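Residue numbering begins at 1 within each chain, and the chains themselves are lettered A, B and C in the order written.
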Amino acid sequence: MIEINNVSKWYGQFQVLTDCSTQITKGDVVVVCGPSGSGKSTLIKCVNGLEAFQQGNIVVNGTSVGDPKTNLPKLRSRVGMVFQHFELFPHMSITENLVIGQTKVLGRSKEEAQERGLKLLDRVGLKSQADKFPGQLSGGQQQRVAIARALAMDPICMLFDEPTSALDPEMINEVLDVMVELANEGMTMMVVTHEMGFARKVADRVIFMDHGHIVEDATKEEFFGTPRSERAQQFLSKILSH
Amino acid sequence: MSFFAQFDLSVIGPSLPFIWTGLLFTVKLTVIAMTGGIILGTLLALARLSPITPLAMAATWYVNLMRSIPLLMVILWFFLIIPLLTGKPMGAENSAIITFTLFEAAYYSEIMRAGIQSVPRGQVWAGQAIGMTYAQTMGHIILPQAFRNMLPVLLTQTIILFQDTSLVYAIGAKDLLKAAEIAGKNYNRPVEMYVFVAFVYFVICFALSRLVKHLQSRIAIIR
Amino acid sequence: MNYHWNWGIFLEQVKAGEETYLDWLITGFGWTLAVALTAWVMALLCGGIIGTLRTAPQRGLAFFATCWVELFRNIPLLVQMFLWFFVVPELLPRELSLWIKQDMPAKEFVTAVLCLGLFTSARVAEQVRAGVQSLPNGQRMAGLAIGFTLPQTYRYVILPMAFRIIIPPLTSEFMNIFKNSSVAFAIGVLELTFQARQMQEDSEQGIETYLAVTVLYFICAFVANRGMAFIEKRSRVPGFIATSK
């Protein structure tokens, strides 16, 4: 489903990604973790071409992301993404947020899009908020809407970029619950997160990044059992100690 | 005080229809220059922010050039140069409309640029992530927010524009000020007319600036 | 484009007189500088006072300052020029009025400076107010706590910081005042725009004339900008984050 081959990226002189490679097969849930500044957010943004990379290639569902001939909007419409800061469109109601991509990008009729949007809103437990604006919702609610917005496009896989790190602790679980449910339904997911509980519960594999390198790429059992690298061990001990 | 004894407001009444036509031109000039200026200005702002370097440079040059010359000189420039380029004379009114639209575009573009940059980067990502093209992301996501955030500033600029239209005096276009001046000469009452026209400008601009304040507080609540 | 270029025009003599067109432009440049710089000093003084008063706890003073700002901000500069030139002398006692109309030296210049200075003072006042209000309230309290009176607190604590903060917007006001000084042509000040119009009519070499004048305005804007940048650099407070370019 997603193939990342020897990807490197620079910001000017500064190298943010070095020779990153991994594969995600259909139905897999892969958690990407690592200290801040390790390049994990950059890597996930490369997958749907929000960030450009200078070397290597990424193939999503048979389409090469870095190829200039690729129709990126079309590719992105099939890859759902959820952001750290939700990024709902603040000038539109919740329903409009769910509808706009379906009508403008997928060309669905307004009625069809609204029906689909409301169904998904119901699924994330927010049907009653349909006519509100993003600014009137809590962070956890906004993030659930953002997930619904991504799902409304009927994505073949989902990317999550630190979906819970901007949330208050008591709201983290309501978002994670939705994500666990998605994972159990067999959605292909790439998730950048520090929530190791989530990783333990649903991840098939865990990738650990540091200084732009993929240091560890292992099954969940291997990773939580005995991580090979010292950096990963340190990171885990820091994160799991509290 | 000799002044108040001589102050004769009765001349204002009969000259009102004449002054009204001047005010209409001032308003027309303001509205056209505002609409055209915001549209052109938005395009200029997009050009300045575009990754195509020559386009960005050209837009930057245009904006900086317009902003460093006095409006009066720009008015004189266009009045001189449009007939030279087209080969036929152009009336002061039409020349003023073209000049103000092109001149204000530079100022509006700076506002729109700030507005676009005030929208968080993540919004662009979010638009692109659901498969929108550049044009769709701009049109549906970024520009509506930029426009809404900048509405008070755009209106404040429009109040300045409304006042600046009085400078068409330099090329003899018949706006509110010019009409009042002519009326003042006809009745030999220039002093009253200048006071009256200042009063009209003040009332309109003050009312508009109150409106902007009100808008600002409402937008603050929405955010 | 059918235009007869003549770059030598600047050294030619004007139609009715001994001087060259270059002399006209130099005179114009001199008056532009004189009007703009004098008015700027006045705008800074008045604007500083009015802006401070707008933040004063005394309702009456603040109201007076607000009226000042609204009055000068909501009437076009050109109309204000005419008001000062044609209307204000009529409001004065007869003898004074007569003296102004007939004997006052450099009447146009004085009027233009007064008008432009007061017009700009309203805009400077708004910046000063914004600067004062952007400072944390603790600064004012700290000043009062060590025994300053309120005016002393303003003088030694609040205004020195406020003025540093507002240097960027003041820079653009300073650049504006050169541009706005062009409006003084309407009451007959022999500044650049006046000379440009006169030379254009007299020589019929409009493009060369306007190009030269535009370049001179450019120079004003550029020097004003660099000058303020220098002041900003010299007055920077260590450890205080101010954005500067």
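Convention: a contact is a pair of C-beta atoms (placed from the backbone, for glycine too) under 8 Å apart; a residue touches a chain by one contact, two chains touch by 3 or more.
Here the structure is a predicted model, which means the values were calculated and not measured.
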Exercise. Along the shortest chain of touching chains, how many steps lie between subunit A and subunit B?
Worked result: 1
Seminar exercise, completed: Taking mean C-alpha coords per chain and comparing to the overall C-alpha mean, nearest is chain B
Seminar exercise, completed: Per the C-alpha means, the centres of subunit A and subunit B lie apart by a whole-Å value of 45
Seminar exercise, completed: Separation of the C-alpha centres, subunit A versus subunit C, in whole Å, is 55
Exercise. Where the centres are mean C-alpha positions, what is the separation of subunit B from subunit C, in Å?
Worked result: 21
Problem set entry | subunit B - residues contacting subunit C, complex | 1-3, 6, 68-73, 76-77, 80-81, 84-85, 87, 159, 163-164, 166-167, 169-170, 177, 190-191, 194-195, 197-198, 201-202, 205-206, 209
For this session: Would you mind writing out the residues of subunit A in touch with subunit B in their complex?
Result: 45, 48-50, 72-81, 83-85, 87-91, 100-101, 104-106, 135, 146, 149-150, 153, 159
Exercise. Which of the residues in subunit C come into contact with subunit B in the complex?
Worked result: 1-3, 70-71, 73-80, 82-83, 86-87, 90-91, 93-94, 175, 178-180, 182-183, 185-186, 193, 196-197, 200, 206-207, 210, 213-214, 217-218, 221-222
Problem set entry | subunit A-facing residues of subunit B, complex | 120, 122-123, 125-133, 136, 140-141, 144-145, 148, 222-223
